[in-house]
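Below: a set of structures, written as structure tokens.
Each of the next two complexes has subunit A plus one other chain: subunit B in the first, subunit C in the second.
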Partner chain A sequence: MPVTVKTFASTSEVAAALSSDRSARYLGGGTLVMRALNEGDISIATIVRAADTTLTRIDASSSRVVIGAGVTFARILAERDLAFLHAPARSIGGPAVRNMGTVGGNLFAPVPYGDFTVALLALDAVVSVHGGLGVRDIAIEEFLQSRERHGGTLVLSVSCARPASADAFRYRKIARIKPKGGSIITLAAHLPSGGGRINGARIALGSMAPVPIRAKAAERALDGRSLDGTAISAAAAAVTEGISPADNALASGWYRREIAGVHLRRLLSGQE
Partner chain B sequence: MLELRKDIFADERDDNLKEIGKGTQRQDMLGHVTGTSTYFDDHKLQGMLHLKVLRSAHPHARLRRIDTSEADRAPGVRRIIRGSDVPRNLNTLLSLINFGKDDEPTLAVDKVRYKGEPIVAVVADSPLEAFEAIAKIRVDYEPLPAVFDVEEALKPGAPVVNETYPKNTFTYHERYDHQKLRFGDVERGFAESDHVLEQRYQMSPIEHAPTETNGSIAAPDTNGRYVVYTSTQALFFSLDTCAKILDVPSNTFHFIGGTVGGGFGGKVDTLTEPLAILGAMLTGRPVRYVLGREEEMQYGPPRGAERIFIKDGVKRDGRIVARKITAYFDSGAYTRLSSYAVVKCAAHLPGPYTIPNVYGDIYCVFTNRTPATAMRGFGVTGMDFAIECQMDKLAHLVGIDPMEFRIINAYRDGDMKAHRREAKNTALIECVQVAADKAKWPLREEFKRMSSRKEGGGARAEIPPTPREPVASRPAPAQQRTSYDRGIAMPASEQRPVAPPPPPAPPSPPAAPSHGATRFSSVFGTRRR
Partner chain C sequence: MAKTALQFRHNGRDVAIFVDGGVNLLLALRELIGDMTPKFGCGQGGCGACSVLIDGELHLSCLTLAETVAGRSVETLESMKDGPNLHPLQRAFADNFAAQCGYCTPGMLMAAKALLDRNPQPSRAEVVEAISGNICRCTGYEPIINAVLAASASRARA
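Then we have the complex of A and B:
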């Protein structure tokens, strides 16, 4: 059967089309869906698109930043108010992929992709989803844990609080090929602090599990402490606790476990 | 010097070239940067059908039953092609020059020997319909024990990968399971050495990763002929291969190639043309068969993996007096071109050095991995990597500068090479001198004055007495160092490869096949020396 392309004016119509047809897939920038089609993925019979401009809106004027699901990485890089997200946006693909790839699509990108989502997870982002029962907000961690079930819904936007300072949010993607390689491990850390002590640390890891995950033991090692050598060592030692990364063509799970602490230490201590 | 018969090839080469230092436009560059170069896939023909293949899910399995009945009825399907539809469903690429036995089917029949081996081809109106029909094909596999390691494959009782070669090794000269090089007496050389160093090197397969994946379009022409637009980098080689597999005269085909979107050796295997043409023959329509990116990466042939053991004996003054090499080339499940890589390797040993005692055993081994093929200097590049790593370690061992160590051992004009050809036009010494100069690497004055054209030949041109029978190892003198202290010391007994007993040496072992060597040149663009 040929693939059908349906374009709707409103997001609610898109959400209805997605929830009623299991073989329908939403097309954002096409960097994942068109690749799947070209490689012979026969599970996609319908492609759904939206002409709704709300999906491409950015609201970066206040302390809470809202980014439409259809915003591309190139647009984030062009937005001065989103400087804290430039490092993760720049780490994705090459110029062609950044021109087409979207924030919403990145939430569904399988390993070794999905680096922007790692940054969003460390920032405690909230995902706004239009499902069969209307619009609702889901914490990104919960969203990722049940990602498979969100295939029939439409992501409208993501939002997060702006980090208090440039130093409070850090991001690093480790790849063998630069600048376009797939991730061996991606790290993002949000380190809010008050009175010289970290309060509510968030450390997110990509390519260490089927979806981006938090390194909660490492977070606990930092909370309530100042970011000194002892705390960094404790976090680096604990980073893989409870995490068992898989092997893939880029690296073995063993290698990922070995290097996770090394790169977290470098990230936290500000080393190149 | 290479002589060009100007009386015959008057226009072949301009002898007054002055190109170095000038910006010269590549002849195909304008088309590439303006997007006007025509590739095989730029032909959209009227009524063109699309072919996709079902690939094996197992690295080694018997095919109990293939059920295509549901796929036959799937929408858009024009034809399903099975192994029995292929006129000559067994081929080896180099059979065109009488080298090797036919060992590879176009579509697997009784069993599959690597993960991703084509089993059934579907010709449909669109690529998507072909994929949908493939999902409806049911294959009943009986998984068999698989072997992925070259040394494991040589052990007694290892699974037989390819019944054409039941010992899991390519057969040379209809008798021998490896290529053998003997020059002098390495055992005597080791006994006379101040240090002996044995090391193991392992190369991984390397994918060519062309921008344009392998593919072709075949279309019926008048007079029962077929036009084939193809990505091949070996046009007439592919044409003759198709003529053999499809059992028709080669003038049945008009192959059109020319612009290859990245080849590097990965487009000589004629992966897509036979099935595209067969699809056109069976449907009377143009048929396009293009590998997807994942197919190209996963199942397109790579440069083969190699496992290499090098044992060297060296004197305190830096002279290497013996080099013994045992290498296992991983051909994957079928021969393709690895048999030839082994021959090239044997002719290349012991690298660009004059060593009086050389011993080489090189095996082309079959495993349940993706078949390997040509890639830029295959058979030589990996071996050179190992040899040059070894040279650095040896230089460290004897405490000599690694650049000077290479000059000490470099071959020179007039020297006898291990495969019994006189060395000509040698230039390693000059290369090292220039490299050292560019890198501002200090060479002592006497090494700067050395030349490849001096002090070669004479005693170095003689073929040393070479024992026929294997000589028993002699006890090493007590002062010898046998492990390399910068690396992990491995006990020789553990890393010694388990190899079948070598067959008796042939009366005069040829290092390269004498037949058809000129056609090799036309196929691979290599020049006979």
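Then we have the complex of A and C:
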């Protein structure tokens, strides 16, 4: 069924169009929206686009990195200053999907997708959204927990602090099909440290719940400790505490729980 | 519902069509322009048979809203046509038995072209990565990888 396509010059016009029409859907790279249209999703009556180039801006010059919601994964891979985000960007789709798919769209991608968002969650990113009441910044964890409610808002950008060293941020996606495939589990760890001890550990998991989540028991097992065998074992043992992943075509929830600790251990101890 | 006028460059030629809202580029190319070289495999981004280059970048035409290519350049496999002469990639695919049923071939050739245009001497791993969004149900991929490497080697010799 044909839909109406509306293109607006400014982000505020886009935000107004989205908040006033429940059947309107914002078009980022379109890799999920067009799929829905091709499948005949009748909940979409209007496609909203933005011609505003601020959405495709990257500011990676300082310690706080700002990435426009319309930035593609291919652009992130081309940006030397965003090297810490190359592993998550590279883990997504094949080259065409990376040329098309955006950071903003990834925030809304359902399981088994949303790999880049897992990395952003571990980095305590902030999501800047333009809703009916204007622009506001939301911590990514809060954004993800209330994601359904953000359907009528426009994400402008995401921002996060650059990790102190390459070793302080780690990412791994486990998939059956290589080099490209849907996630069985995606893990990201941010391990800020001072005086040889971890302080403010963040462990984020993808495909373990309907949205990316933090493994808070594993984070607690690491905080205040040095990253040694004992701390790593404690974190691996605690990683699924309070988490009940669902079954899907790629893996059962049981299997996901069984392998989560194995892969967290490998990630933390730097093993392949 | 009103149709929208759309102009873009198609294989180096300016074209103008009218599209329904929400129509994807694959449909526009095949049904409105009559270029049958991009194939419909899944309509979900999963197979790569519909791959085209937009401003030189590999894209999936089934997941591209047709209106987003206004004023841009779209290249399909048809752009490799040069009378009876095969493009070096087409020749390498033929020599290396890289096409069996041939359904994936247009997408594979576009993915390979996107790679060689920016990296004329890729490693085997880079070729594997470049075609990782394209499914082939016949060849087992090895002949395709060999063909892309052979095309790259023949370019280096030329």
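As a convention for this text, the second predicted complex is superposed on the first by the 271 of 272 C-alpha atoms of A that agree within 3 Å, B and C clash if a C-alpha of one lies under 4 Å from a C-alpha of the other, contacts with A are read in each partner's own complex, and residues count from 1 in each chain.
By our rule, a residue touches a chain if its C-beta (ideal position, glycine included) is under 8 Å from a C-beta of that chain, and two chains touch if they have at least 3 such contacts.
These figures come from a predicted structure and were not determined experimentally.
Visitor: Per the overlay, which chain contacts more subunit A residues, subunit B or subunit C?
Guide: C
Visitor: Should A:2 be classified as contacting the first partner (subunit B), the second (subunit C), both, or neither?
Guide: Touch partners of A:2: subunit B and subunit C.
Visitor: Answer with first, second, both or neither: which of subunit B and subunit C does A:152 touch in the superposed model?
Guide: neither
Visitor: After lining up the shared chain so the two structures overlap, which partner does A:40 touch, if you call subunit B first and subunit C second: first, second, both or neither?
Guide: Only subunit B; A:40 stays clear of subunit C.
Visitor: For A:192, is the partner it touches subunit B (first), subunit C (second), both, or none of the two (neither)?
Guide: neither
Visitor: Which partner chains sit in contact with A:94 here, subunit B, subunit C, both or neither? Use first/second/both/neither.
Guide: second
Visitor: By the touch definition above, which subunit A residues appear in both interfaces, subunit B in one complex and subunit C in the other?
Guide: 1-3, 37-39
Visitor: Tell me, which parts of subunit A touch subunit B in their complex?
Guide: Result: residues 1-3, 37-42 of subunit A touch subunit B.
Visitor: Write out the stretch or stretches of subunit A touching subunit C in their complex.
Guide: Going by the criterion above, the answer is residues 1-5, 7, 27, 30-31, 34-35, 37-39, 44, 47, 49, 74, 93-97, 99-100, 179-180.
Visitor: Over in the complex, which subunit B residues touch subunit A? Could you list them?
Guide: Listed in rising order, the residues are 52, 75, 126-132, 134-135, 292-294.
Visitor: Mind listing the subunit C positions that touch subunit A in their complex?
Guide: By the definition above, subunit C touches subunit A via 1, 4, 20-24, 43-45, 48, 51, 57-60, 62-65, 67-68, 111, 114-115, 128-134.
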